[in-house]
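Per-chain residue numbering starts at 1, and chain names A, B, C, D and E are given in the order in which the chains are listed.
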Amino acid sequence: AEKVTVFAAASMKEVIEQAAAKFEAKTGTKVTSSFAASSVLAKQIEQGAPANIFISADLDWMDYLEQRNLIDKPSRKIVAGNALVILTKKDKGDAAAILKAGRFAMGDPSNVPAGKYGKSALETLKIWDEVSKNAVFTENVRAALEFVSRGEANAAIVYASDHTAAPDLVEAYRFAGSTHKPILYPAALVGKEASAEGKAFLDFLASDEGQEIIKSKGFVGASDKAG
Amino acid sequence: MLGETEWAIVLLSLRVALVAILVALPFAFIIAWILARFSFWGKSLLQALITMPLVIPPVVTGYLLLVWFGARGTLGGFFNDVFGLTFSFRWTGAALAAGVMAFPLLVRPMRLSIESLDRGLEEAARSLGAGRIVVFFTVTLPLLLPGILAGAVLGFAKALGEFGATITFVSNIPGETQTLSLAIYSLLQSPAGDAAALRLILVSVVISIVAVVASEWLQRRLSGGRT
Amino acid sequence: MSDTLFVSVEGQVGSFPIAAAFTAGSGVTALFGESGAGKTTLLKMIAGVTRPVKGRIAIRDHVLFDSTNGIYLPPEQRRIGYVFQDARLFPHLSVKNNLTYARWAGRRSAGLSYDRVVALLGLGHLQQRAPATLSGGERQRVAIGRALLSNPALLLMDEPLSSLDHSRRQEILPFLETLRDETKLPILYVSHEVDEVARLADEIVLLQAGQVTASGPAETIFSRLGSHDDAGALVTGVVTASDDAFGLTSLDIGGQPFQIAKLGFAAGTKLRLRIRARDVSIARTLPDAISVRNILPARITGIETNDGPDCDLSLDIGGQTIVARLTRKSASELALKQGENVFALVKAASVDRGVMRG
Amino acid sequence: MLGETEWAIVLLSLRVALVAILVALPFAFIIAWILARFSFWGKSLLQALITMPLVIPPVVTGYLLLVWFGARGTLGGFFNDVFGLTFSFRWTGAALAAGVMAFPLLVRPMRLSIESLDRGLEEAARSLGAGRIVVFFTVTLPLLLPGILAGAVLGFAKALGEFGATITFVSNIPGETQTLSLAIYSLLQSPAGDAAALRLILVSVVISIVAVVASEWLQRRLSGGRT
Amino acid sequence: MSDTLFVSVEGQVGSFPIAAAFTAGSGVTALFGESGAGKTTLLKMIAGVTRPVKGRIAIRDHVLFDSTNGIYLPPEQRRIGYVFQDARLFPHLSVKNNLTYARWAGRRSAGLSYDRVVALLGLGHLQQRAPATLSGGERQRVAIGRALLSNPALLLMDEPLSSLDHSRRQEILPFLETLRDETKLPILYVSHEVDEVARLADEIVLLQAGQVTASGPAETIFSRLGSHDDAGALVTGVVTASDDAFGLTSLDIGGQPFQIAKLGFAAGTKLRLRIRARDVSIARTLPDAISVRNILPARITGIETNDGPDCDLSLDIGGQTIVARLTRKSASELALKQGENVFALVKAASVDRGVMRG
């Protein structure tokens, strides 16, 4: 069988690797994947990367490729969603109180998707102006979590799925889905002539079995559209 | 040509890179001197250790810096208590990261120069009544200048371009730790950031051209009629 | 002459062992020995650039090195002017800044005047030049000047004149003589030139394979020196008169009158003359109407014959010994034998290079 | 100790770094030679240009490589057509990225060595009948060895540690472009990856220690009794 | 002697202009001039290491440089052995590999045998050593050996013996003489030592401030050379007989018999002798029972008096001129005048250094 190459946002690493193993066991089709920032992957696809599937951490970079006719539009679908949470070392509490207490880490709102959602949520809660001076912007989730684990920062605004990477932290607060645009992970087949195996893997991700894996890693299922 | 925030970024970058190199230079020189002039057990290991920041991924170096020099890190605490110097989330931390990453580039050319120095000239100088220190400044240092400049230029360039360790250690805080590299990276993350990124890239390029040209000029001037 | 320099060292460079002991007075001490004998190594030990394993080095009561006390002064505290065998000019400094290095970097400001040294060494037009553009001899002259301007208490000179032409050498030698006489500066002088040594040296240290094989006043050591061609002897005389019209000085050498073509010595001055064996002829009868000025009654104290065509006669003239080199054929024709009385003929003109102040 | 995939990563990294340095070395040497031996208009600019990969963020260098040397890039097309050499998303591309990033580190120490070489020795060799080429290999090159080794060690270390340009240019494809640095990065993104990441970091460290020690040994051997 | 080396160059190093033209035969040509006169520069131009602006350099019909044709051979194609003023040993190679460099890197395998050169220069025990551990003289010996082993068509030697002791010099000089005689190798020899030049040189080129001020056969140039002390003349004679028992050679010098302490010349060999002015004495009457072997009837052709105590007499002996240096007082006491006939006394022993093959 042909192999499938998946270009996925780095945050999807756990999910894709587990799904790939299951899929391979089932169909015999090998799945290789490359994990990097969505922006990097999108530009690589633009330059002819040998990817069959692109999974982006936000809609913008998928749109970027779609506008350039680099993906198979009909195959585009949301495979997962996510929720925004505040992780701390301490107990639960009020978002404003936690964030006012000291430095907190979040993605850079100018470009990191989690940062964009976080900023918009804080604006909706009308505390952005008050707390933004305490924010430190990180390039990846790992660094944000490390800041909290090491006590450099009090809290981190991250995706719910990131919590699995830092079991020592507690979820102090979960932002309501209404405070920001839905957090969605779009996937699509790359190129005009999509491979059958690629389509099969995409379908597998959307299947119940795939969605189970996605949820087990802390994401929200595609159909739940929660966040 | 450049906006106000952009100017701020340029100035911050220059400050970070210059401070990094100026502070690192004497330490690098001492290490280079020890490596060039003394034989001792573990010399190769010391050289290997100094080369480490090149070998391990910058992100890992950033983590290590965070662990050691963060507010809760042993060394971080020490510097804070003894010198009142805080690195975490400060431009000083960016300079520390840049200095550490540039360190191997400073040491090697200096070591090479020291090794090829004709020690007979130092002997001659001392026989003329100049003490160790005076000989160092009137004979040794001027003759090592090409090596020091070569190291400084490489190191300064690296300090300007440092990205991974910096963002991991001190995150990406506009006005505090967002250097040119970090700003460029941020811009490239958004689909529409290319033009702004390009402007900042050009600024980096210009700065480094100026630095290289200045160093070449300085070397020509100071080596005078020597052929 | 009291001893000014005391050296007694043992040490090693690479696989080459050196063990040398000598004392030297305040004049010029020539360090003589063939290539690789350890002359440079010995100078380096005195300068503090190479550390001996044990021993003692002192200039008067100024101890530079003493292994029993653990004293080992760094080079800059030894006040030693060192003209290295290789010039070792500072490549990044102009000739002028090289020359004045000891003043601005070594804070040694007293001593000879800059202008005098520059003029003597003919460096005036080179002052702004970079060392890399100098010729071999120019480089060496700058190195000499640099050491002289460091106001040293001891001067070490490692073949300083070997890359200089004869006339330049003839200018510098008298200057060194003056320096030696005026300042009582002890000078340790490495040279292969017997002429230079004969002219300058008060004492001679012979070095062979890292060991001192002989040392002492030039007069006693000199006859062992040098090659076949340069063999000779040193004799001492006292100035008795000068003949200004003809530029001659008369001496008394052990009761015998002796004239040399040289002027400027006061009566009573003790002089040392170098008389080369090849410059001495022998006559059985007193020759007449001959240009040779010095015809001395002499007794043959020894005849040394070698494989070559020559033989060397040791002659006693008024208690001092000189050597005459003849062909074996002449010796045989004149039937010369030990103990016989003959006349030694020494041209006044040939001694003039050998005059030395005692 | 290391699993099969880990061994594969190590071998790939070694191949990428070694090929990068071996191919870059001659070019770097020629450039260093030109910079050291000739004076020409724009010399400082050439030096500045070579220093560029240090100055601009690695991600930017990666993008430029992607654009120029990708399947759609002009140079990429050229190499593919003329030499049958493809860089995009291949280990060859990883080597190219590593080589480009290491280039300034190779050039500088070599230039320094060439500048301080006593040209009189070359003259002497030629007067003994050796032609330019023979003189180069019997006199020049052996005397430049310390500089070449210094450059090679720095370059090799950098090539091993290269991350940003590589992931941007050839993505992060296991078995093809996933070098040690990239693998470490990926592992650090997963919650359970720390132990595995640490193992790979140690492997990097060991490789670079071996490289440094070997280079020091080589230099001591080849410089023989010279002091 | 046909001209072997043709040099006519104009050029510049830094601000120093050089414009020199001379031709030289197949023997030894001494390049003489004071420090900074441009000797090294000239050698470098001949070796192809410094490029002249214009002119022509050729060895026989082998053109090395010709600005009109644009010919400029690289150094490796000139077959020139160059002993540099600074030794320029390869620091990364052992002494042995330095010596054999021309063989393994320059593919010049013919010529002198390695063992002979090593033995001559006393390098046997140094072969495995690194150049950095050699003494100054050892370094220079290796440099000489390296050039000799390159089987050159022309040898350039820039003060090759200046850092060597007298006895080592006396070993190498005869070897160079043999080399010159056996191989007809032209040698361009820079030296400050008048002795060396007198002994070796067939022709002399005088260089001053970058210009050739005189050049020609050693005999004609020699009297202009050197200092006061070394003044002298060269005379030519033909070997008539040898006295093996006493190691003497008899010559005919313009009809006069003359003996020197030297052996090994076949009858009929033309020899050149250097007779120093200071070694010649004058007698009015034929002296008796004197060791001086050569007593030649001579006519005073000139008397030159200077400020000093000496005067120089030019003497005609059988058509050749020698110079005698006397004190002015002796000249006056003997009432010597131009045109008078006297006897010139020349010790056999003092000439032996001056023997040269014509």
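As a working rule, a contact is a pair of C-beta atoms (placed from the backbone, for glycine too) under 8 Å apart; a residue touches a chain by one contact, two chains touch by 3 or more.
From a predicted model like this one, the values you see are computed outputs, not experimental measurements.
Touch-path distance (fewest steps) from chain B to chain C is 1. Common neighbours of chain B and chain E under the contact rule above are C, D.
Counting contacting C-beta pairs between every two chains, the top pair is C-E.
Farthest chain from chain C (centres taken as the mean of C-alpha atoms): A.
Separation between the centroids of chain A and chain E, computed from CA atoms only, is 91 Å. Per-chain CA centroids place chain A at a distance of 36 Å from chain B. Averaged C-alpha coordinates give centres for chain C and chain E that are 26 Å from one another. Between the Cα centres of chain B and chain D there is a gap of 20 Å. For chain C, the set of residues touching two or more other chains reads 86, 133. Under the contact definition stated at the top, the residues of chain B that touch 2 or more other chains are 63, 182, 185, 188. Shared contact sites, meaning residues of chain A that touch two or more other chains, are absent.
Chains touching one another form the pairs A-B, A-D, B-C, B-D, C-E, D-E.
Looking at the complex, you find that chain C touches chain E at residues 13-14, 33-36, 39-40, 85-86, 122, 133-138, 141, 158-159, 162-170, 192-194, 226-230, 243, 246-248, 259, 261-263, 278-279, 281-285, 287-293, 308-310, 324-332, 334, 345, 347-350, 352-353.
Only residues 59, 62-63, 66-67, 70-73, 88-89, 167-168, 171-175, 177-178, 186, 188-191 of chain D touch chain A when the two sit together in their complex. For chain B in complex with chain C, the residues that touch the partner chain are 118, 120-121, 123-132, 134-135, 138-139, 142-143, 222-227.
Considering their complex, residues 43-45, 47-48, 51-60, 63, 104-105, 108-109, 111-113, 115-116, 146-147, 150, 153-154, 157-158, 160-161, 163-164, 180-181, 184-185, 188, 197, 201, 204-205, 207-209, 211-213, 216-217 of chain D touch chain B. Chain E contributes residues 47-49, 74-76, 78-82, 84, 86, 88, 90-92, 94, 101-102, 105-108, 129-130, 132-133, 146-147, 150 to its touches with chain D in the complex.
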